[in-house]
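Look for subunit A in each of the two complexes below; its partner is subunit B in the first and subunit C in the second.
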Partner chain A sequence: MPALSSSLPGEAIAAYPPWIPGWVWLIGPYLLVLIGVLVLPLANVAAISVFTHDPRAFWSARLTGANYARLLDPYYVQVLVRTLRIGLITTVACAALGFPVAYWLARCSRRVVTIGLFLIVMPMMVSTVIRSFGWMVLLGRTGVINVASEALGLGRWLTIMNTEAAVVIALVQICLPLLVLPTMAAIEKVPVSLEEAASNLGAGAITVFRRVLIPLAAPGLASGALLVFVVAISVVVTPALMGGRSNRMLGNEIYDQVITAMNWPFASAMAIVLIAVVLALLGLSLAAGRALARRSVRGA
Partner chain B sequence: MTGKISRRTALKGAAASAWVAAGRDGVSPLRAQTAGAARPFTWAATGGTWGDTLKTIFVDPFFAAQSGPRPLQAAQLESVAAAKILANCGSSPYDVSDGPQSDYAMLNGASCIEAYDPSIITSLPDIFDEAKEGDYYAAFNILLFGMTWNTKEASKPTSFNDLGLAKYKGKVGIPAYGWYGMTWLHALNKQLGGSEDDITPGLSAVAELVKKNGAIIVENADHGTRLMDSGEIVIMPYWNGRTVRLQEANIPAAFELVPGTVLVGSGYSIMKGTPYPKLAQAFVQSTLDAERQLAFSQWSKYPPANKKIKLPPALENIAIPAGGLEKTAKLDWKKINEYRSPYLERWNKEVLNA
Partner chain C sequence: MLAQDIALELKSVTKIYKGSVTVGPIDLAVRQGEFFSLLGPSGCGKSTTLRCIAGFETPTSGSILLGGERLDAKPAHRRDLGLVFQNHALFPHLTVAGNVGFGLALRKVGAGEITRRVARTLELVGLAGCGARMPSQLSGGQQQRVALARSLILEPPLLLLDEPLSSLDLKLRQQMRDELRGLQRTLGQTTVFVTHDQTEALAMSDRIAVLSNGRIEQVGTPREIYGAPATRFVANFIGESNTLAATVEGIRDEVATLRLPAGQLLRARLPAGTTRRVGEAVWAIVRPENLTIQPAENSQDDPTRLAGTLDTVSYLGEDIHVRLRVPGLDPLLASMKATRRAEVALAVPKIEIGIDACAVVVLAR
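Right, the complex of A and B next:
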């Protein structure tokens, strides 16, 4: 099949029914899935968000802006801000903890990588509920740490359960693999010779890290950070079990409105706002990334 | 006409599709389900050991004697099943569903469930009145949400007000609104002179409890068990049957049926539009059978709803004390369901932010 060996994949496939462009064969099936399971349901959610709540049938088709207006209540603004703050802190913490791990894994022997990856990925096979219960056993007032501390005569000093910090700790543990894996893949592509060349030219370890490693691994780091952020702001179980009463996140509010209050229009409005905020933040970060890239090109 | 589709036209088409998908009056074509008679007989219930035991005691023996469709369990939280039934009103993915009467009162209000047929469900008169709701719900087990306390670190409570005692500061639990907090709030509210239309007395009391005694929100039954086991909580509104389980695990706990205790049934309702209406009626009748209810109580540690059952000596500890049912809260589920959303918001603002 000479066409296959001498053409780009899309062009090669296009040879079969020539009237259908190659790209349709390549991304068409996924586009169909995307439309079926994402775009249409999302459009459904968007439409429900402007309907009026009816306790007997979820909603009636009277259009209203009340569901969005209700979100301007300081309580919901506070929940949204808290959600974004927890997401951001979790992302930064995962980056700080995960980058060194990713670097080490990218530079060590194959055997160690296998063991390291197993250790990184294994916790993902345990449900978040079980992991949250695990943290409760560890961090609770009568948890392992406090009991051990009391046995040593230091008293029960750990009071972190039911705080925002407890939520962040649990989320970092849950999300860390999402940052390590793409970052590690990006660092693996950075030739060790570049680091050695920078060192030979007099750059210290921090300079090599800041001027060579970080810029070249940035795409992987950014992908990982994005995954962590999106997962962290959409959790339900972890804040419910670790955060106590006053650290609710938007996911908890949406869950309660869907399952307990049966107010789907308001829950839909919250979901749409959360998606819009995330998209806006992504747009901003992309713009900032481009600006930084332009500045570094000019600097070079 | 150029034959091309402009971006504006495409957006209009997408909006129209979304409108049709969302549907009018909560009936969406996207979620329409074919209620074909070829499907298995689908029974919804919470999963885990509860669902397994329902299967062993009620479902398997009933279908062993039937030649028709085979049973299929749809396991999920009862509240999730209720949401799905409401979303698929009239073409429910289930034929019967197990849960508390509060959910079924809501589903009945939305005309999503079928009335019992007294010519098939003949055991209805044997069931405690408190465990029945209208002509569409009868429980097989009685779950009481009263007060559970640690017998070593707390004293026997006389009312829900004991949660506010200073000696329990930081060691008190209250149920999350999404678990049984909504129901408990209404029960407490009535004890304090409120009504379904006026939740303020109950909300103020719970907010005060949280503020002064640092009440911990209990997210679900397992969470409550863990908190009692670890000693983080020494007193909380909780289940009678679960308390017996705590005792069996050598945790020093006891249950008290205080005034305003919530009676929550576990029973089956029949979904409107089921292709197996007669089979569903017969199945519900089988869940009211005294022998099967007793067998389930032996496992669940909740008392049976059939008042003809005499508990054996080994189960006397789960019996409802004389006059106990009169002490339970009398709640208007229809009104409670109408206020689900606004009271949730008030709970979040006034209780959780207290």
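Right, the complex of A and C next:
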């Protein structure tokens, strides 16, 4: 239908008055909200990030690059590197743990899926603060595991609290549903007969995953991984509770600059850098996806 | 059948599901180079049997042998069988060449060798030069050929076809049927073909196994299956047939005289070696094309002629299908070529039906 495909979405909905195109009514309201609560405040943050810090009035409107320059301080570089490292490890761990779960859910019966999905989604309804506290209760020096171990005469051997590993463990648990759900949706669209065809041609289980399932579920896996990464690098509560003083992430620094140090220009500069990193990664993953698609067209 | 001629053998293979569905026990022997069909309605167990051979289902009991070796002990990916799916199951993220070369790549064959063999196999199935295309850019028939090439390139000892033609439209299906059969003959490829379409099975097969409710009803050549059905199910499933309840009135010179419920007589030639007793209750099965229709004459004394009336006449171009009413019997079906003579015979309402004794199949009731 060339006539229809050339028209804009929403054209089919009778628009009145006729000089206002249909899409205005469809996305207009949300666009207004978005501009009011996201675009304008963000523009404000970007502006503040190049203003000068003033202890008496948050900031004064004198342009400076000092806030960004301060991020080159080895301490902040270390925080940024740690933030990205924790994000990356969390994402990889979620993918490794989540892909098999997503596959299993995508291939089991309707009834099991309902229960499985409930179990996957339910933790998302509990706040991150409570879940992080839960991990503290479990992993702490006087936590459930150590107390139980001591009662068995094995001593308090678990010393994982206040390490990067503790942050990653909690983050993996918090972020896993974000990876499983889109990946599962992608795997559901891969017919079982494709797995059988690969198996018939001589592919073992691992080869079927590597050569058929992962490439075909890649869009879902990628969007899930991106979600996980974005959430993981912008957390505040989890590293504060699980990581202690020595494993602070960029979110913690921003929080402290806003609430404690009252240095809003520097906090804004850090926020802008975080957003820039996310956008850069988004662009990179899109480009990688396209390159992958092109490669497979050539015949892998 | 000599033992060395047998490619595939199924020995009392059964598959019992948690529910009520049960398949088997199935005993089959497929010869080297044979085109063997598993034919039956949906749910008859033909697909389950095929999936047991391919390794996607594990038989509850029994054994499957290929070339005398146990096949059922190996996982699906070690069986080295060819399999063409109903929906083609091409890998959408790979090109045609990528699909066809998939099995060779897994077997660590060199890139140059793969390219050569892919090109040769694509030529074999009539898709030379299409290697760079994506499956989504191909028509249904072309996708079917790619799926076939993907299996044939590995030169499998056994090719399994799971209703491969049913997703194609009628014209293409007939064309692919002939091509597939031609290719199978040329290559001498031992093939097991699963279908619910009797025309396909009759047109392509060396031998057919007819399945119903998880059991084999009859194994034979298309001619045997159609001409001498072993059971009522086979007679009714393969083509149309008239099934008449009758009792054996007398037997002389291998010709039985059967009495129908309303008293009419029917002659049936019994195949050599069949034993029928006088007074035995039987089914007499007659194909519609073996009924001949003539305008009724006054002589009523010929016992092999049934007097009746025309019920409906359907003109189908090449053929005419007729429903006949005969006192005391269910409506009979007759079919004939749409000739001038046939139309003259059908112009009168009262007719006589002749049945050739050689065309009547007698089964125990």
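Definition applied: the second predicted complex is superposed on the first by the 278 of 300 C-alpha atoms of A that agree within 3 Å, B and C clash if a C-alpha of one lies under 4 Å from a C-alpha of the other, contacts with A are read in each partner's own complex, and residues count from 1 in each chain.
Just so we're on the same page, a residue touches a chain if its C-beta (ideal position, glycine included) is under 8 Å from a C-beta of that chain, and two chains touch if they have at least 3 such contacts.
As the structure is a prediction and not an experimental result, all values here were calculated from the model.
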item	value
Superposition on subunit A - do subunit B and subunit C clash or fit	fit
Contacts of A:90 with subunit B and subunit C, given as first, second, both or neither	neither
Which superposed partner A:146 touches (first subunit B, second subunit C, both, neither)	neither
Chain touching more of subunit A, residue-wise (subunit B, subunit C)	B
Partner chain(s) touched by A:256 [first = subunit B, second = subunit C, both, neither]	first
Partner chain(s) touched by A:133 [first = subunit B, second = subunit C, both, neither]	first
Vertex subunit A; arms to subunit B and subunit C (CA centroids, nearest 10 degrees)	150
Contacts of A:203 with subunit B and subunit C, given as first, second, both or neither	second
Closest Cα approach, subunit C to subunit B, once both complexes are overlaid on chain A (Å)	39
Touching residues (chain side subunit A, partner subunit C) in the complex	191, 193-194, 196-204, 207, 211-212, 215-216, 296-300
List of subunit A residues in touch with subunit B within their complex	40-41, 43-44, 46-48, 51, 53-61, 75, 133, 136, 140-143, 162, 240-241, 244-246, 248, 253, 255-263, 266
Residues on subunit B engaged by subunit A in the complex (per definition of touch)	14-15, 17-19, 21-28, 30, 77, 79-80, 82-83, 86-87, 89, 106, 109-110, 176-178, 182, 210, 215-217, 219, 223, 226, 230-232, 337-338, 340-341, 344-345, 348-349, 351-353
Touching residues on subunit C, where the partner in the complex is subunit A	54-56, 75-83, 85, 87, 89-95, 97-98, 102-103, 106-107, 131-132, 134, 150-151, 154
